[in-house]
Structure formats: structure tokens, C-alpha cells
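What follows is a group of structures, each given as C-alpha cells.
The two complexes that follow have subunit A in common; it is paired with subunit B in the first and with subunit C in the second.
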Partner chain A sequence: MAGMRRQPMSKKYHVINTPVHNVDGIAKVTGRAEYTFDVVLPHMLYGKILRSPYPHARILNIDTSKAESLSGVRGVVTGKDTLGVKQGIWRRYKELCDEEILAREKVRYIGEPVAAVAAVDEDTAEEALDYIEVEYESLPAVFVPLDAIKEGAPLLHEQAERNINVTRHIEWGDVDEGFKQSDFIREDWFRCSSQAHVCMETHCAVASYTPDGKLTVYTSSQSHYYIKVLLADVLGLRENDIRVISRYTGGGFGSKFELDSAQFCSSVLSMKFCKPVKIVLTREEEFMATKRRTPMFYYLRTGVKKDGQFVAKESRVFTEGGAYTAMGATALYLTGFFQAFPYDWPNYRFDGYRVYTNTPPTSAMRGFGAPQATFCAETQIDIIAKELGIDRIDIRRKNGMYAGYEVPGQAWIQSCGLDECLDKVDEWIKGKGDLPANNGIGIAAYGFMSGGIFNWFDTPYAFSSAVVQVNIDGKVDLFIGSQDMGQGSNTTLTMICAEELGVNVQDIRLHMGDTDKCPVDLGAWGSRETLMQGNAVKMAAAEVKKQILEFAAAKMSPNIVYDLDIKDGWIHLIARPERGLAFNDVVKEAIRGRDGQPLVARGHYTPHRKGMISPAYSFGVQAIEVDVDPETGKITLKDCVTAHDCGQVINPLGVQGQLEGAIAMAAGYGFTEDLPMDEGKILNPNLVDYKLLRTTEMPETTVVEVETYEPEGPFGAKEAGEGLTNPTAGALGNAVFDAVGVSINELPITPEKVLEAIREKDKPETNKED
Partner chain B sequence: MNLARHVFGTGDQGHKDWVNSKGLNFIELLLIQTMEPGNKGYKTLADLLEREAEQID
Partner chain C sequence: MDKIKLCITVNGEDHECYIKPKKLLVEVLRDELGLMGTKRGCNTGSCHACTVLINSVSVKSCSVLAVQADGCEITTIEGLADAAELSPLQRSFLDYGAFQCGFCTSGMLLTATSFLAENPEPTEHDIREGLHGNICRCTGYNSIIRAVKAVADGGYEEAADE
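== the complex of A and B ==
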């Protein structure tokens, strides 16, 4: 075996914190990546879904005979072809499993599926929809939460008195006593709008049921494990008679880890006709009939001392739930939790209500209730700072969280770089000097979770698992259950494996996106993958590394096995790195010595006793510079800096990409995107009228990495995904406040609102409305 | 107060029925909690629970 090679000693990590391009990048840019849309199976049929035109109606009768007699139509299914199981992602609480997907007796929002057609091609399926005759009895409908809770309002679900779906209460300290001790109290009302996910890839599925009772579903998903289990629940199949394949997903942002109409209807059709069926939602269906960000009506009352010390905060919110629970219950809880972030509030109270309305259901969307909370909180803090004559950085620094802080009864903060983030942003702002007229800089501080602790899905499995196998040529197979939906987790996890095992990224072959071949992971939501799947990968890699080092130790006779390490494919004595053996050579002999069995190990991670929400939290501060045209109210984004503490950075290229995407999405939420409705119907269900931020409107963006060490994270890492979405709306609003002196309490911050606020501010005092 | 939080937190039919049987309205208490200043909804329920506990004693 070859012997000696010099190794550099100085670098802490060989792979971690180096810029690595996406391991699946070449497949994506060359068109080799197979998305669900690309899947074509022999004898495949095409499906289309008929949807309710009413926001609230009883289904009296559905006549499918004319549609079924159309040439090229294989058949039609309705709710009567299903088991009628009400499902939902909150499986632990049956009363929150309230959605049938194919409605049987009642529809509760415009766009709710009532029938599905399978035909030889898409056009025929689409034509057949016009021949399905549905007799409805229209019912009174309600669209706004504060109307829906009134006595006598139309009831969406029998078990939900006054249409109250979920309530949440969070409290610590004594808020009323706190207000008595405050020198200054401010109260404000806010309205946070909805937002569409607008994934590049719409919801789609190809379901193939075979006579042996097995169902395979190719789908665009954030969690193939969740989809498998939910399908088993509603179809009456065993979990492992269902295979879900989701190798590439073109965006998720929270819209794709619940069972959707494409997955369900294609499966029901395929089970009825024993043929593969493909359903791809149109962009209009995406807007009208998939879930969206939760609109919230917020009240905040905040008490502070005259030196800016925070004393008490009372927060109350009504959220527009839409027709079903979905993940809205979690968004309600998290908005209440993150309303207190990232500050030390001695006294805090939150009361939240999710209310059913006859609108498309609201659910998870990147940030999960935190962007709404951060917008309200940060807007109010700037107003308070101005009224007290306190610098906005100083007031945040004075009250910021710190490592070792306990959110009473909720969470422990083990790592926190908030102070350093404030320093970096302060430095950036000062570097700008004096700004031109009508230009301003706004800031917002934030924090976010690295994965959730609650097991509302009621899974018996570890939250994340991984398998690492080392083969005779030194090539490593990494099996993971998590899902890359464009956020770069495949690359991050490959890097973690490479670092732990001491090999290079290109030595690793990743296996994911197939429930038949990959271990369980709960999926890509709540910014959990770096920490949770990362820990499972690290554990598996460490276990197999130990097997290799045990063999190497026998050959090299170090004092103890821990005197050995592996870096860049070189197994060496730590104290004498020039003395070692090539990884591939040791692996070859180890496998021979084990009866030809590959070296394999498993890893897993489930957080234990880490509070109520998450095992770790990212922190950050964002500053945005804007120009406001006082004649039109138009806002132009000019520059942006984000100082983000994600613990140990794994892939700096990945963090940059996440930040740029987050700003585009969050700035859109702040001032261009909205889903206006009329009687429950979305008025702009297309990419012309729904205003996404364009590349020409994006500001220069800079990310400043603030490194801390998170003991719970792999190599000290924590999230760099959803947290980056949280501050932008607040920073944008504060920038407008800084530029032209008006604070807008309603999203999106449109030119009309800015102009009206400027005119109101400029009115002489005697003419102002009370 | 902690017991009041538990009763509201479970929100199941058993707890709702008990509150309603004592002359209060569960949903109205929740709405008062949100629509009016102070901790009124919880305090009202906490007072009821204290009175009922005294009766049992």
C-alpha cells in the first residue's frame, strides 16, 4: 500500500465553507433532470379537474354520462368514487383533518375539485369537463374573518362554532403589570396580505396503479414521505404499497408538502382504470385552487421605558384560514412565537384565531407566519424609536436576544449573532453617508427556526434518517429522504457527508426522491434540512468512518484510533499528517476483510427536549435603501444588505443564492404581490396581473455572513432559508418611513397607499381627519 | 390562570360543554380575550375555576 504524502494542516475544514456549485446543476441546466412533467409512461392517460364556481354550495347531483360518452374519454370520477376520508397534515388531531379534496356533499371555495376526467390527451380531457353537469344549491358565503366569527354567519364546518378553526395563546410574565410600568405605550393595527407561491413548476402528478395493488406516484413534492402516508390514509392502501418518486422539484416554498388535487385525483383515476394518469395544473389553477400565504389582521400594543427598554407586548391576530385547516394551524402558532423575536420581552401575551372563510385555503409559505409578525413588529419599533428619539440600531441592540437566553417556556437560544449582525448593518448604513431627498434606509431584525420540534404528523419514525455506503473503489453512496426543491440541500448534505468522511464532493453519489429506496425524512419545510437531515448524514458518515479507521488503525498502529483522521481521501495520523494511507486502498482491504460486504452505516436525528418550537434559531438584520417618488408614491429598491447568522456556513454559494431568492420573494410580498378577491374569486390568477418582482427591479444585494457555532447543528450550522424572507417587508416599510416620513400598516405597500399617506401627512393640521 | 390556559388550550368538546354549563360561553370568552384590552377572557374563566374549586373543597 502506498505510504506517505504531505498534507496541509492549517484549514479547519476541507469541504465546509468552500463555494460548491449545485451537485445537480449540470443535470438541470442541460435539460437532463427529469421533472414530473417529463414523465411519460406506456398507455398513460391525461387528467383534468372540474372545479366549483361557487364559494359555498351543496352538491345536489353530478351527471357524468355525457362526458363519459365523449370519444377519447376513459372515464370520470367524483367524490363518490372515493372513501370519503377527510385528511389533513395535522394527523395527530383528527378534528383538524377536514379536507376531502374531491368534495362529496359541499364545496367551500371557488376552485374546489368536484370531479376529474381521464382521457387519451389533455385537450379531450379539458373538453370533457364542459359536459359534466353539476347541480349546486348555492349557500350564503363569508369571506372575511371578522365577518365569519359573527353570530349567525354562514357555517363552513359543523364542528367549528363561529367558524373558529384553531386558537393559540402564548403568555409569559404579567403583561398588564408591564403596561403599568411602561413610560410609553403604543398601539397599532396592521393588515398583512396573502401571497402566491408561484413555483416555476406547477403542481403535477403521474399516478400508476397496477393490478397487484401497488400505486406509484411521480410528483413534484417537498416531502415524498408525507405524500405517501397521506395517500395511504385516503386511498385505504398500506403505506408501503405506495411508492412516491420526486427526484426533481421545481420550487415548493411551502406549497408542496400537503396532499394536493393533482396527486389525489390522478391516483383515484388510476386506481379506477388501472392505467397511469397524468395531471398537471395550469398556472390559473395554481393561483385559484392551491394554497397561499395566510392573510392576517394584527393588533399590537407595546409598552417601553423612556430609554427604549422593552417592557410588555400584547399581540392579537385573526387569520383568514380559507376553507380548510391545512398547515394554517402551524402558521398561527409561529406568527405568535416569532412576534416576540428576536428580542427579550419580559412580559408577552399573544392570542390568535384562525377563522374559516369561503376562500382558497391558506397554509404554509416561506417564513410560515414569521414575515407577517416581523413586518408588524419592526414597523412599530421604528415608530417607537422615532417618537422617543432613540437610534433604531441602539433600541434593537438594547433589547436583542443573546446566546443563553430562554424564551420563557418556549425555547433556548444556544447561539446568537444578532449583535454582530447589527454592527455590520450599522457600518453599512454609516458608509452610505447622506442620502438624496426622498431616499431612505430601513432596517429589520429577525430570527427563525431550524426545523420544527412538534410531531403534528404523528410519525413514529425519526425525523431524519440517512444511510452511507462506501464501495470498493472508494465511491460513496449517500441515501437521504430529504427533498431539494431548488434551495440547494442536495449540495449542502453532500458537503456535510464529504467533510465528515474525509472525501471530496465528487466522490459521493446521492440517492434521493424515492420512498422505495430512501430512508424517511419529514421533508423540506421549516428550514429543517441543514440541521436535521444534516445531523443524520453526519452521524451515518461518522459511523462508517469509524469502521474504516478501525481497519486503518490495525495497519498503522497509532496509540489510539482517535489519533487517526481522514481528509481529502487521505487517512493519516493527526500529529503526523504526512504518514498515512490512501482512503481507497484501505477501503478495498477493509471490504475484502469483511467477507466482501460494503461498509454501511445509518444515521438519524430527532430533537429531544429542545423546547416547544425548534432546536436552533438563525438571526439576522437586513437593511434596504429605497427611493420614493413623492409625486407618484412609486418605490424603487436601490440597495440591500443582509447580515445573517446561520452558524457555520456550509456552502457560501448556497447562502448567496438563498438570499437573492428570498429578497425577490419577500420584496414582492412587501410592495408588489397581492391576491385581491371578489366574493371569494381571485381576480388576478395569471403572471401578467400578479406582479412578481422582475430582475430589472432587484436591488444590489450583499450578504454578510456572521459566523457563530450552533451546538445542535452539524459542524455548528443552522438555517439559511426561510429566515431570510422574514425581514424584507418590514425593512421596506421602514425605508419608506425614513424616506418620506409615512408609515404604512397594510401590505402590500403600493404607490397608492404611499401617495395617500404623504397627502394626509402634508395636510394642514386643521384639515386632517380624526 | 394556568388551568384556564389548559381549558382554552385543549378546546375539546368536553371542556367547552363544561364552561357553557356554568353560565359562560366558551367562544364568547375567547373573542373577549382578543377584542378587548387586558386578559379578560382568561381572567373570567380563572375566576370561575377558583369558585368551582372552593365549592368542591
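== the complex of A and C ==
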């Protein structure tokens, strides 16, 4: 069967950096993709959750008898039906596990679950909620972190003095000495607002407990592994008696890797009644009672030399934590770390305080604290550049990070294309020429991590694992634990496997979204999947490939100085690619020759000795052109370019989609989205009053890929989705600054704020520096 | 509440079912007929994820009672492809990566289908106006606009039966 065939082997990669169809695409465009929202099991009950109307109250009594006597109601559960475990993702730090999900004694925010009902249909369950009688004792509440830290403020958690939940200190260099050496010092306060994730599929779960002690949970999640383990903790089950399933997740953005009320309440109900129970949160519940982006109150003090050289930076932040820790402690650390990004600060100090308040808990959301930091930092840099008369590109270039730079004690940058990104954006701006009146361009530079090194979850497993098996027909089974919530990791990881193994994307059958069948991966958060799960997939594929090549070499018996490779299903001598064997033929014989043992291998990845934060960092620069109406303050986004270093691009179509989606979400954060509250109650919990960007508001979006090679990433790849949320609010603010000369320090940058600032600026005798 | 009889044609198939009069069309499609491709993003008519075609006109199926569609012809996402032959918009959505999580995609495709039927030669701006009501939290819309434009520009032929 050894043969000759002409092969175009000139391309370095046969799969990578080629646009391929999303591997789940046909299922998604034909409506066949089954989300948790679509799961129906025989004899299934429907659940609804009763939530607290008070921001802070003691639960004196819950009477469920009337609700339980309603026709069609199967039963009600409250905190008394649970083990009362205070849970959280901080399994290594028990003091931070502070949320019961079904409150037993006290509620701490409007929307906190207090009871859950199961009934024959949703309408009956909804009706039953009205018949559950809860007696509350209302307690004094506090809503703003700067009030909550005051002496005598109402305490949310008794052990947390002054409501301080977590503090974080980062420091390097000699900051005080740095300020002494600075020629120019600037101080500013910023306020960064909250934001809702608004996944199109709301949080939902179908839990099914059977008398053999096994619990199966279908759920819309970013990490099936985390949900499985967290459920085991709170339900008193063994981890592997729980199976978490669902291939499709209708959006996540950081909101779906903690245990949520739908998962917990449906499980408790199902265990009590031994029937499947489905809970789907309404859009209103989604807004009012799921987690959200962390609002931050930032103070920045920055010292520079006359020529724009950065010398020292001091930052302090108070974050509105809401009622529980959630993922907020990580957001606190990351905002402090990324406050220094992407620059070489010789002296830096950060002090962060996460404060409990009687508001819905704040947590992870795409960018994870970095969009807030980047908005403040980039806004201030433009003010400083203007005051010193330095070009905004030059000041960033002068101080930017570079390959080989070490963030002292924190991180090591191995690849960095920031300089080239600045060049590309500079060219784009210059190409625009003179802008019309009241038009402006703003820029912001940013960086982000490619997967966190943190293991507060205390997993003893590798961070990512994969299994690759090659079958006799050449079809490859790839098993991964990671979750595709829309970001496209299923396609990216299939491509990585195909490239490494030398087969095509269509040759791979992907298995994911089922904890009974797939190896552990920590999940899709912190931009982990391309690098961490990608490395595990590459390792497994490489090991199988080795087994196949050993067999092929024995068969072809080339001179042993020649290496073999596989590309596009063709096993060949690298030096003489026309000499080779078909992959499928070799595989069939290899399996037969191994006494029927399949060709299978495992791969895994856990970062070691890569600093405190992440093994690799993406970089980029974004410029946005806006038109500001000076009469109304209205901002129109006209155009946008992003020069982006994500290492080696794996899937160009995927990267472009991530970039455009990030701009829509982050522009929303910058100028339209907000969660205003009155005494802890969210005032706009619907898609009419909560203003997401629509088709007509999106600008043109040009992507310039600046390719670098990241030694730690699979084929040199880094993250390409979350970090793109970081620059937009800052670039938008700087564009308004460029257009009409006012700098807004508070998100979102609404027409009202712009108009007020313009009027303030135009007033005679104000804001004039002596 | 007494159930009443509903006769609808969905994706070319006639259905007869008995429903409570307050049932929404989206509920009947999903719960009675098992057509789970139609999604529900809000239940307040604000996201257009539940869009279907009633007599070729795009309608939010969470905003009409099923009985209002009595006697009508309905097309859902399951009816866009002809067996394995995808519609031009479905193919262009694949080529342009015009979806990510996929939850809004059914509604987006049906809105776009009816939009192109009414506006065979739209400008990009027209397409943006036409899809203004459909929320997508993942893509930032531009890939969707490109995909619809490509079909309008004749880049995708209808599945050839001639």
C-alpha cells in the first residue's frame, strides 16, 4: 500500500489559520442544537423560586402549607431542606464560602432565594409562590461600599468587620521615591458601573435524581466540572454520583461557572421528590438575582517625567461586592494587576478593598476586573499626554511592555506585539486625515491573560485534560472537558487536534459537555481554553501520532535519519513528502497489529513556574471614532480598528467574531448599559430599559492581526476573546475627549454626562488652571 | 379553563391540537409540537429570539396567542432547510460565522428570511434597520449583516430543483 502522491506541503499548517465552519454550526443554524432550555424528561416537574423582596432581613418563619395544598403542586423546599452548607468556589479558603443559595436565617439582597416549589407546570409553580408565607424582620441595609465601610454601618456578615470582604495588596519598586522623582503628578477618581451578562439563554437546569443515589443535571454552564463538584459539596453526594450534561450553552460571559439557584434548587427538589425538575430563570430574575460585573470606585495617582516616562503609580479601589464573595475576590486581584497593564511601571502599588453591600453579588464578567482598570488607566494617560503635550501613541510606545519583560513578582511576558499594534493603529488614525468638527478618535491599549493559574477551587486534577482515540476507519474521537458557550472553543480545539494529528476537521468527532464521559477541565473562564485545553489536546494528539508514526516507520523502513510527519491524512517522509502512506490504511493495520488495542492517548496541562497570574498574555490597541452632538451629548460610534496580538491565530473566523462581539458588549459598558438601583432594587430588569447595542449602533470593525509566537501556547496561540472587552470603554471616553475636549470619569458615558461636562467646560472662569 | 381546538400548518405539516386559549404560539410550538428550535429570550417581545413566520410574515411567537394563528401557515427554523439542503441564509451564516452561542440564531434567520423576501436588494443600512429588533449578545451583529448581504447580493443560490 506504500504509494506516491503529489501533495502541496508548502503551507506550514494545513488546518490552523484557515477559516473553517464552526463544528456545531449546522446544529445551530437548523435549530437542532439542544440547549438545557429545550430538555424535557418523562414525568418532569417545573420549579419556580421565591425570592426576597427585602435587601436585608431576618427570616422569622416560612409557612409553605397553603402552597403545598394547591392542586398540581408537588411540594416546596426551603433552607431547612438543605444541609445548610455555605458554598462558593473558594474551596481552599472556607471563610470566603459564604453563600447558602437557599437562605436559612437571613437574606442579604433583593432577589435572594428563600424557597422553591415544584409543580406539574410552570404556571402552577408560579401561582404557588404567592401562597408561600414568609415572615421577615427587616434590617437596616447599606448599598454603597463607601457607606458600608463606615463605623456603625449595618453588617452583612458578622465576621466581616466594616463589611470588608477581601483586601488585596500588590506592590513593587519604591512608589514613594518614584513620586519624588516625578516631574508631573496627576490624581483622579473614577467610577466604573455594573453590567449584566445578558446571556440569551437564561440560567436554567433540569435535575433528575434517581433512587440509586445518582443525580443527573442538565445545565447551561461554563464549567460542568465545577458545577458537579459544588453540587456534591452542598448535597452531600460523591462527586461521581453526579453527572452534569449539556453540549450547548446559550452564552456565559462569566456568569455561568458558579453554582446558581436554578441548579441548586432543581437538585434539592429532585432529591426530595425523586422526579426530574426543570427550572428556567425568567429574564427579570436573570437581571435581578444573578451575578453581575463589579462596580468599582477607583483612585489613581500617577507620576511621570516631563518626557512622558512613567515613574510611579498608586491605585486604590473599593469594589461593590454585593451580598456574597462570588468570584469577586479574583476580580479584585485582577483589576489591581491589570491596572498596571500593558506598561512597564518601575514602581507600582495597589490596594483593593472588596466591600459587602445589600445588593446582588458582583462577580466575574468578561474581562474580570480588567475593563474597569483599563478604562481608568487609559483615560488618565490621555489626560497626562495632553497636559504634557506628548502624542498619545508615543507615550504608550515609550512605556509599553515588551517580550522578556517581567512584571515584578507577578508575571513574565514571553511574547508581546504591543509595539506593532501601536504602529498599525497609528497608521489607521493618520489615514483618517482631518476629522469633521465634534468628531474624535480615542485609543486604548490593553493586555489580558490566557488562563488563570489560580487554584482556589483546590482541584487535584490537571487544569485541563483530553483524550484522543483513533478508530479503524481513521475517524478520530476527541474527548475534552471544556465547555463551548459560544466562544467557539469546540472548533478551535478540534482544529488543534486535526493539525497536530495531521487529519482534517471533518475526521474528528468531538465529545464534550458530559462529566460522565469527558476528562476534567476547569472550564471556560479566564480565557483558558485555547492555551490550557489546547495544550492538553495537542499533547494527546501528539502521543497518538507518535504511536502511528512508529508503526508507519516500521512499515516504510526509511533511512532512520529521515523524519515522518502526517498532514491532510497523508503519512510521509518530511524530506520527500510524495513518499508516504494513507493515514486510514496505516491506522487500520496498526490496530490489527496491536492485537486490537485502540490507538489512544491522554494529554494534560497544568501551569507550573509561570508566575502568579497566567502563563501568557495577549496584547492589543483599539481606536474608536465617534461623532458627538454638542447640543445633546449623544455619541455615535462611527468606526473602530483593533490591532490585536493573540499569538498564532487558530481560527480567523472565530477571532473576528470574538472581537466584534467584545466591541458590542464593551461599547455597551462604555456608553449605554447600567444597572441603576433604588435601595438595592434594580430599576431596569428587562430588555427594553436595559440598553444593549443593536444592529444600527454597531460601527465598522476592522481587525488587524499582529502575529507573535507564544512559546507556552499550542502552536504559539494565546487568548483571543475576553481581553478584547478591556479597551473599548477607555477608547470611547478618549474619543469623546478628542472630539469635544471633555474627559468623563464615570461609566457609562451617557449623553447627560457629556452635555453637563461640555457646559461646565464652556462656562467662563471655571476649570482654568492658574 | 376549557381547551379549544387549534388547526395550524407548521413547516408544511397540518397539526390539530387542543390547547388552553391563553397559550402563546411559542408555547404550542415547543410544548405541544416539540419544535424546540424556536427559542424564548425574554417573553416580553423585546429580544426577537422567538421569531417565526406566520403566512410568510415575521412575528414574535411570544407575543401572539396560538389561537390567533389558527388556520395559518407557520414556518419555524426546522422548516428553513429542505431536508439536508440548507437555505441560502443558513449557508451564509455558516460561511460568515454569523452566530456564536446560537440561541438567537433561529429568530435571526427567520427575521432575515422574511426581510429578504420583502427587500430583495437591500443596502447594508437597510439590513441593519431590518434586524434592529433582534438581540444577539455574542457576535456584535456585523457578521450577521455580512451574511445577509452576501445572500442579497446573489452569492448563494436557492437549492436548485431545476
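Rule of thumb we're sticking to: the second predicted complex is superposed on the first by the 762 of 770 C-alpha atoms of A that agree within 3 Å, B and C clash if a C-alpha of one lies under 4 Å from a C-alpha of the other, contacts with A are read in each partner's own complex, and residues count from 1 in each chain.
Heads up, the rule we're going with is that a residue touches a chain if its C-beta (ideal position, glycine included) is under 8 Å from a C-beta of that chain, and two chains touch if they have at least 3 such contacts.
None of the values given here were measured: they were computed from a predicted structure.
> Quick check for you: in the superposed arrangement, does A:Y353 touch first (subunit B), second (subunit C), both or neither?
So A:Y353 only meets subunit B here.
> Examine A:A33 and indicate which partner it touches, taking first as subunit B and second as subunit C; both and neither are also allowed.
second
> Going by the contact rule stated at the top, is it subunit B or subunit C that touches a larger number of residues on subunit A?
The partner making contact with more of subunit A's residues is C.
> Regarding the shared-chain residue A:D176, is it in contact with subunit B (first), subunit C (second), both, or neither?
Only subunit B; A:D176 stays clear of subunit C.
> According to the stated criteria, A:R301 is in contact with first (subunit B), second (subunit C), both, or neither; which is it?
In the superposed model, A:R301 contacts subunit B only, not subunit C.
> Once the shared chain is lined up, is A:F318 touching subunit B (first), subunit C (second), both, or neither of them?
First partner only.
> If we overlay the two complexes on their shared chain A, which of subunit B and subunit C does A:T167 touch? Say first, second, both or neither.
Only subunit B; A:T167 stays clear of subunit C.
> Counting contacts the way the document defines them, which residues of subunit A are shared by the two interfaces, the one with subunit B and the one with subunit C?
Correct list for subunit A: none, the interfaces share no residue.
> Contact residues on subunit C for subunit A in the complex?
30, 35-44, 46-47, 49, 76-78, 80-81, 86, 90, 93-97, 99-106, 109, 127-129, 131-145
> Please give the residue numbers of subunit A that touch subunit C in the complex, ascending.
19, 21-22, 24-35, 37-38, 197-202, 248-253, 282-283, 485-488, 653-654, 656-657, 659-665, 686-688, 692-696, 698, 700-701
> Could you pull out which subunit A residues touch subunit B in their complex?
So the residues of subunit A touching subunit B come out as 149, 161-162, 164, 167, 169, 171, 175-176, 301, 314, 316, 318, 349, 351, 353.
> Applying the document's contact rule, which stretches of subunit B touch subunit A when the two form their complex?
Interface residues on the subunit B side: 5, 8-9, 11, 16, 26-27, 30-31, 33-35, 37-39, 41-42.
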